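Questions regarding the structure given below will be posed in turn.
Labels for the chains are A, B, C and D, by order of writing; each one numbers its residues from 1.
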Amino acid sequence: MERDIFLNISPLDSRYYKSNRELMELLADYLSENSVIRYEVLVEGAIITVMEKYGTVPGGSARIMKKACQSITPEEVYEEEEKTRHNIRALVNVLQRKVSPRLAPFIHLSATSEDITGTAQALRMRDVFYRVVIPLCVKLMRILTDIGMKEAHTAQIGRTHGQHAVPVTVGFLFAGYADRFGGRLVKIAGAVKDLRGKISGAVGAYNAGSLIFEDPRKFEEDVLGELGLKPANFSSQIVEPEYMLDLMHAVVSAFGVLAQIGDDMRHLQRTEISEMGEKFEKGQVGSSTMPHKRNPWNFEHVKSMWKEYAPRMVTRYLDQISEHQRDLTNSASNRFTVEIITAFTLSVDRLVRQLPKILIDRVNLEKNIKTADGMFLAEPLYILLAVKGRPDAHEVVKRAALQAQKEGRGLFDVVEKDDAFREITMLDSWKKLSQNPAAYIGLAEKRAAEIAGYWQDVIRGIEKECNAFGETENG
Amino acid sequence: MERDIFLNISPLDSRYYKSNRELMELLADYLSENSVIRYEVLVEGAIITVMEKYGTVPGGSARIMKKACQSITPEEVYEEEEKTRHNIRALVNVLQRKVSPRLAPFIHLSATSEDITGTAQALRMRDVFYRVVIPLCVKLMRILTDIGMKEAHTAQIGRTHGQHAVPVTVGFLFAGYADRFGGRLVKIAGAVKDLRGKISGAVGAYNAGSLIFEDPRKFEEDVLGELGLKPANFSSQIVEPEYMLDLMHAVVSAFGVLAQIGDDMRHLQRTEISEMGEKFEKGQVGSSTMPHKRNPWNFEHVKSMWKEYAPRMVTRYLDQISEHQRDLTNSASNRFTVEIITAFTLSVDRLVRQLPKILIDRVNLEKNIKTADGMFLAEPLYILLAVKGRPDAHEVVKRAALQAQKEGRGLFDVVEKDDAFREITMLDSWKKLSQNPAAYIGLAEKRAAEIAGYWQDVIRGIEKECNAFGETENG
Amino acid sequence: MERDIFLNISPLDSRYYKSNRELMELLADYLSENSVIRYEVLVEGAIITVMEKYGTVPGGSARIMKKACQSITPEEVYEEEEKTRHNIRALVNVLQRKVSPRLAPFIHLSATSEDITGTAQALRMRDVFYRVVIPLCVKLMRILTDIGMKEAHTAQIGRTHGQHAVPVTVGFLFAGYADRFGGRLVKIAGAVKDLRGKISGAVGAYNAGSLIFEDPRKFEEDVLGELGLKPANFSSQIVEPEYMLDLMHAVVSAFGVLAQIGDDMRHLQRTEISEMGEKFEKGQVGSSTMPHKRNPWNFEHVKSMWKEYAPRMVTRYLDQISEHQRDLTNSASNRFTVEIITAFTLSVDRLVRQLPKILIDRVNLEKNIKTADGMFLAEPLYILLAVKGRPDAHEVVKRAALQAQKEGRGLFDVVEKDDAFREITMLDSWKKLSQNPAAYIGLAEKRAAEIAGYWQDVIRGIEKECNAFGETENG
Amino acid sequence: MERDIFLNISPLDSRYYKSNRELMELLADYLSENSVIRYEVLVEGAIITVMEKYGTVPGGSARIMKKACQSITPEEVYEEEEKTRHNIRALVNVLQRKVSPRLAPFIHLSATSEDITGTAQALRMRDVFYRVVIPLCVKLMRILTDIGMKEAHTAQIGRTHGQHAVPVTVGFLFAGYADRFGGRLVKIAGAVKDLRGKISGAVGAYNAGSLIFEDPRKFEEDVLGELGLKPANFSSQIVEPEYMLDLMHAVVSAFGVLAQIGDDMRHLQRTEISEMGEKFEKGQVGSSTMPHKRNPWNFEHVKSMWKEYAPRMVTRYLDQISEHQRDLTNSASNRFTVEIITAFTLSVDRLVRQLPKILIDRVNLEKNIKTADGMFLAEPLYILLAVKGRPDAHEVVKRAALQAQKEGRGLFDVVEKDDAFREITMLDSWKKLSQNPAAYIGLAEKRAAEIAGYWQDVIRGIEKECNAFGETENG
């Protein structure tokens, strides 16, 4: 059923589809309603495959079923659903018509709808993460760690509370992003690996299965094994929601790191700071009325998407509760989790496209670090004075700093002329710093390289796992 | 640009579009990306119209502009945006090409993008609420008040904490829904009426407008007046977010009342209660494996949608903050407000379709009220005893009730045989109640009718307003 | 029961109590558990008062009841609750013991617990808002409008997307805050005025009341009238939650405006911007290790409090649902709404204390506006060029701006030497702007004064209302 | 500073303190402001200890420091903070006064405030979880698994959508709770073990430390090692927020399982269902006006607390973002995380106190399972018919079920008289079920025991870990 995308309601399906069509098509393979049905029939197929192995259905049934499954369309199912008002019964009815009357009654037999939809959801999630989301996250990690390495030595004033603190390096900043996003990626991969399915029937107690199979728990393991999944340790009508919940937490918290990057980048692009800049494309317009404007709109966009999607985590927590063996009040809401994953993936992709083109303005980095004439050396001054045994070192230096600010004299000048600091001014370490305050970066360079290097190893491992998964499934 | 709806990501644009196509098409007229552009050109058009009145542009310009506006398509704009990376500049460029070089430079002149998008959003919201959402809410109010009237006298056991309390009536229950939803509807209508636009330029200070117009604030009023809107009392680059925020609060809190109705109905349909029931359509299936099941899935659906959408209100609160004269981190997120309105409207519609068909099981209503043998008459017993001056009335009755429960004797029996109640048992009021406990409904019947009647008046007024709006706009 | 405040769990009751003791004591009069009980007895008292008027209880009862009410302590009630496990029954038991056996049975008669707690909550809210919260908000409005007036003419570069846009004035910025916060204050006052009580009994149908009073709805009106309240149009066991919900929306959205102010102020205090500054008190320390630091910590604090409290609005939406005539799952959660009100009031107070001391750095304001050599005149340049009929004015100016940026020449220089702008450079308006770019403020000065003036009128009205309320209640 | 608890604002510090004083006192040892300061001095102490080992400070310093730390009081610190307006500088000043002038300058040297507060928070969290929270969760697990074991065979009708589905057992229900809560407990324990500290200075780059120590990263490891912690892989001014975030996710998601239990229990206590019941204590009152009421208020309370606290997770996600090397907008908000942990622990404790006393009403369990005369055997009927090869088995049985419902005949009667089922009625499996429908529990009994047994092993391990931790720390 075709329709103009600009008539869609969700910006994901119109504006953001249009602006990143290739990625959206990839995601649709796993996250669209079409994919829902495609994966559901995989589960119905696996049931028949195992039944054939068990001798419950005649030899050849699996092959026939596979063919039936491949020929099914969402349109057929939705048409049938208009009668049944039940999506899985509709699916089963359609499938039954596509096979022999001999096989038909065994389709879906002993399963409840949620055996199919819950398991199919786990499969779709696993596949989209291994094939699309994680590989894209790996790309982002590569970019972050590359900048971490390359700019490990590029001094930048550190900022706390929006105020100049003491220096770091650009590489250290990005190594930090890499470390945080890397940690999240490991959580995502872990949660994906722990997704579970179920074939335990209407209330999870294998009631129906017990009528057909000697060991219905083993039947469940075998069916899920066909699909590369394990059963939930416990299930009612539904798989315990916590497996998916942990994945969504990993995703939403990873989204938070993207928002951090977006937010930092847009602030570093402020007119007064201008240390970083989004690349401005040929022909691009910053403002419809102010021709001189260059806005950090891609970074602003990432933060805006996060603002839209992070609060949706609340719904995931609400959906933990399902009365008794289940009520359906988590059914519609659960369908919308795909929106979060889509928005997250689009945001990763936006950073993957923007960060490699980011302009690092070395002139302004240097200029900013020189603002206020090395005032931040107040910290090493205090440290050195304290090491010398001066109990009121902090107070003494604070007074000197205030005096310098008040009289507009620069900290060095005050320090040189104040007896309190005589001993300090003769120290080599102080002399070096006063000649080049930007050198006060501590271990920033070293740590940037170490952290970036650590994560480059880790992501190679994750990448291998994704590739291995791809081969198995396609083999 | 056509695409299979089943490839869309958002369930709104696939599953829920499919299941309520007519309403979704209506909503798309105001809430789709297509409508965004359609309304934006209306604003650009109004600017030229007023400029013509002012003599800023030659006579006939408004007519030419109108034609240009009508011929624009989202495809053109998006194609241009690939160059400009700026949606409104793209729109302006396309419009400029469609008019004479003489008129072209005046298009959008003195406006900033948000003058267009913010104003267009207010217009779309106003229109969709007056034409689609509010009329549908009025329908729901009619249904709720009708049941309130018709079932004003139908006794039903009241339940607090899931425990039998004292009786109400079915009409009283629905009058309560009507009162709560009616209150919300009045809030929605009020917030819609107070939506504002702006034509105050890049930072809201009419900087550019001051170069062209003597009184740019009046120009703003005139342009917005053309569109039936008023300017915000203050604006920066953007209209103050609180106008839309109040509307969204009204919508989300109205959604909460729908969820209350859905939740109550599904509990009243519990196997053990069975006082209400969703109509089961011919051919409908309750469970894919349990052929006997009849689930309250439509009511469950409404609650589930609410769970998905209510937490999204957090994003609206987050979007109140926009740095200085504005940052763009509320741009993408703001686009998603249409999803909440769509989900709310779909949920109103679902109740509009389900509630008139609801089965009210009078046998079970009566049966349930008789459960435990009039134990709830413990309340009037206590009241009557207290009125007689017995200080420990509550304690005495509690003991009697416990005794009745423990010995399985029924409250009447205990009361009759206990001297403490001799005086009471001779009262007419007690005799009546003990013969017909279901008569202990207080003012439930009267109030149900009064409240329902009150709201039937109010909604007639709201409906008139909607109709009047329709006529003006289409006239 | 006394306890060290530093052993409390909530930072409100330890750290923030300590740092603003006077205000916290005031709030405790209405928002503490102690106040809960104090207000509950007011409601029980009003019931007896009206009963005396009706002749249901003997003359003099109201006076006796009042005395009993005044002598009650939370300790007594909590001790009794250990037996009853029911807070209102405990309260009633304690009261009964304090009056004659003749009056005792009539205490609370026909009321359900929620008649007392729900009504008492409305009263406490009304009182705390009229007496503490709104007067404090009025103070903040006075400060905002004062700065709006005083600094109406002080030019400041406008910023969108963190980029220099075109100028506004400091007064215009603050007039904007005043307008937004003023709008919220009006909503708060409106919601407070619409708070409702109920005396409609266990399920809201006046079942018990019908046994005692001829017109129990009138009895409800009379009791609530004694307390200065109106009954909810409808109630079940509880007052419809939407009255309080609207108030909480008004509060949380007003909190958002505080967060906006806090956020703007802290960004304007960034080292590189330094247009505003928190006053640094004598002895104050900015950092434990960096003696030169001066952090905008009060403004950061306001935003941080908002981050903690705004999401709690979700609970208020969740609490709209209460099964059938009520379940208790909104009981504990409802108790926590006082935390939001406390945090909001503390944040208003913090701004009331900080904003009058804010440092407006006129040197930096001027310096920043001069950054980039009037590049923002690209906007008026484009406007003037377009008015002259140049269809590609935006593009032409964008090129000139890029050229100026690239060649580091300043916009004026490029403009003067480019034939395209010859006509413009001869315009008086352009000449004026090029001599004083900071004059490009449009109506900023005028609007700042108008808006500030408007709100000064409004708040005088609100203040009068608060005073009038104070007199009535204390009279 | 002593104050009446009933004057506190937060219900945690008044009502809920009063109702569970012992547990609240325990929690205050780790979660109060008092504990904040107590743990902060531990970190300052560890710094001196390692400095002594390194020879940076004279021998004996650690001992002197320890004494100083033990004598500090919150009052002193708060008094000093009134001057410094900086909590950690105040703490350091107070400590410095308590030691010799020789040691004084080394206190806090090279550390930034967040080195102390961030590390102290990790310590407090670790300790409160190992010593209070996890042991209490273990108790709850023991109760859940005990019921899972003991009631493994007790048949209960399964319910989906509030409708009777097919049977499970009470033990199976509780085994499910155990499995879900157990999974969360494992997550909690894992997150606690992964909490990190930092001693990396003002911007995380060891700038100051580099002036004093050869290897400041090693110094950090040694200081944290003293406290039993590891450093964050990366830190800016603050520890990466994701370590705490994961813990809070684990806690909030565990809270969701408590809410599930509370919700199920209160529904199972509905008058019409009455399968479970909260124990009613002697003297307890259910309603202030309805003496017969017995409300599941403890279970309602747990759900209500969850509604208040789960949405607060949003703030934790918002706090992931801290500009550049840090802004303070996560400072106040971060202080409130202790409220979530307190509410969670109180809720665990409430279930620990209530669940062992829960009344399992075997009569009603049996009665409910018999409702509708074995209608749920429609499922096995359909399965058996399908296994016999009937392709339209589901449809045939649905018709039979509808007929039975319509004609009020009972499913067995219809089945017996309908030729379609002749073959089935002769099967042993059907005969057994029709004689005892409650036997249709599948593997419920077996799985209940297996799952409960599995978790009893796991929690023994967790308990050992807690004990081992206790010994190390106290040894």
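Just so it is clear, a residue touches a chain if its C-beta (ideal position, glycine included) is under 8 Å from a C-beta of that chain, and two chains touch if they have at least 3 such contacts.
Please read all numbers here as calculations on a predicted model, not as lab measurements.
Counting C-beta pairs in contact across A-B and across A-C shows that the higher total falls to A-B. Distance from the subunit A centre to the subunit D centre is 25 Å, each centre being the mean of its Cα atoms. One simple way to say how far apart two chains are is to compare their mean CA positions; for subunit A and subunit B this gives 33 Å.
In terms of their C-alpha centroids, the spacing between subunit A and subunit C amounts to 35 Å.
For subunit B, the set of residues touching two or more other chains reads 89, 92, 110, 159-162, 165-166, 201-202, 208, 263, 266-267, 285-290, 295, 297, 300, 311, 314, 318, 327-328, 379, 383, 394. Taken together, the touching pairs cover every possible pairing of the chains.
Those residues of subunit A lying in contact with subunit C across their complex are 159-166, 266-267, 269-273, 285-297, 300, 311, 314, 318, 368, 371-372, 375-376, 378-379, 381-383, 394-395, 397-398, 400-401, 405, 411. The residues of subunit D lying in touch with subunit C in their complex are 1-15, 17-18, 24-25, 27-28, 31-34, 37, 74-75, 78, 83-86, 88-89, 92, 108, 110-113, 116, 201-202, 208, 263, 266, 281, 283-290, 295, 297, 300-301, 303-305, 307-308, 311-312, 314-315, 318-319, 327-336, 338-339, 342. Considering their complex, residues 89, 92, 96, 101-102, 104-106, 109-110, 158-162, 165-169, 172-173, 175-176, 179-180, 183-184, 187, 201-212, 216-217, 233-234, 236-237, 240, 242, 245-246, 249, 252-253, 256-257, 259-260, 263-264, 267-268, 310-311, 313-314, 317-318, 320-328, 379-380, 383-391, 393-394, 429, 440-444, 447, 451, 454 of subunit A touch subunit D.
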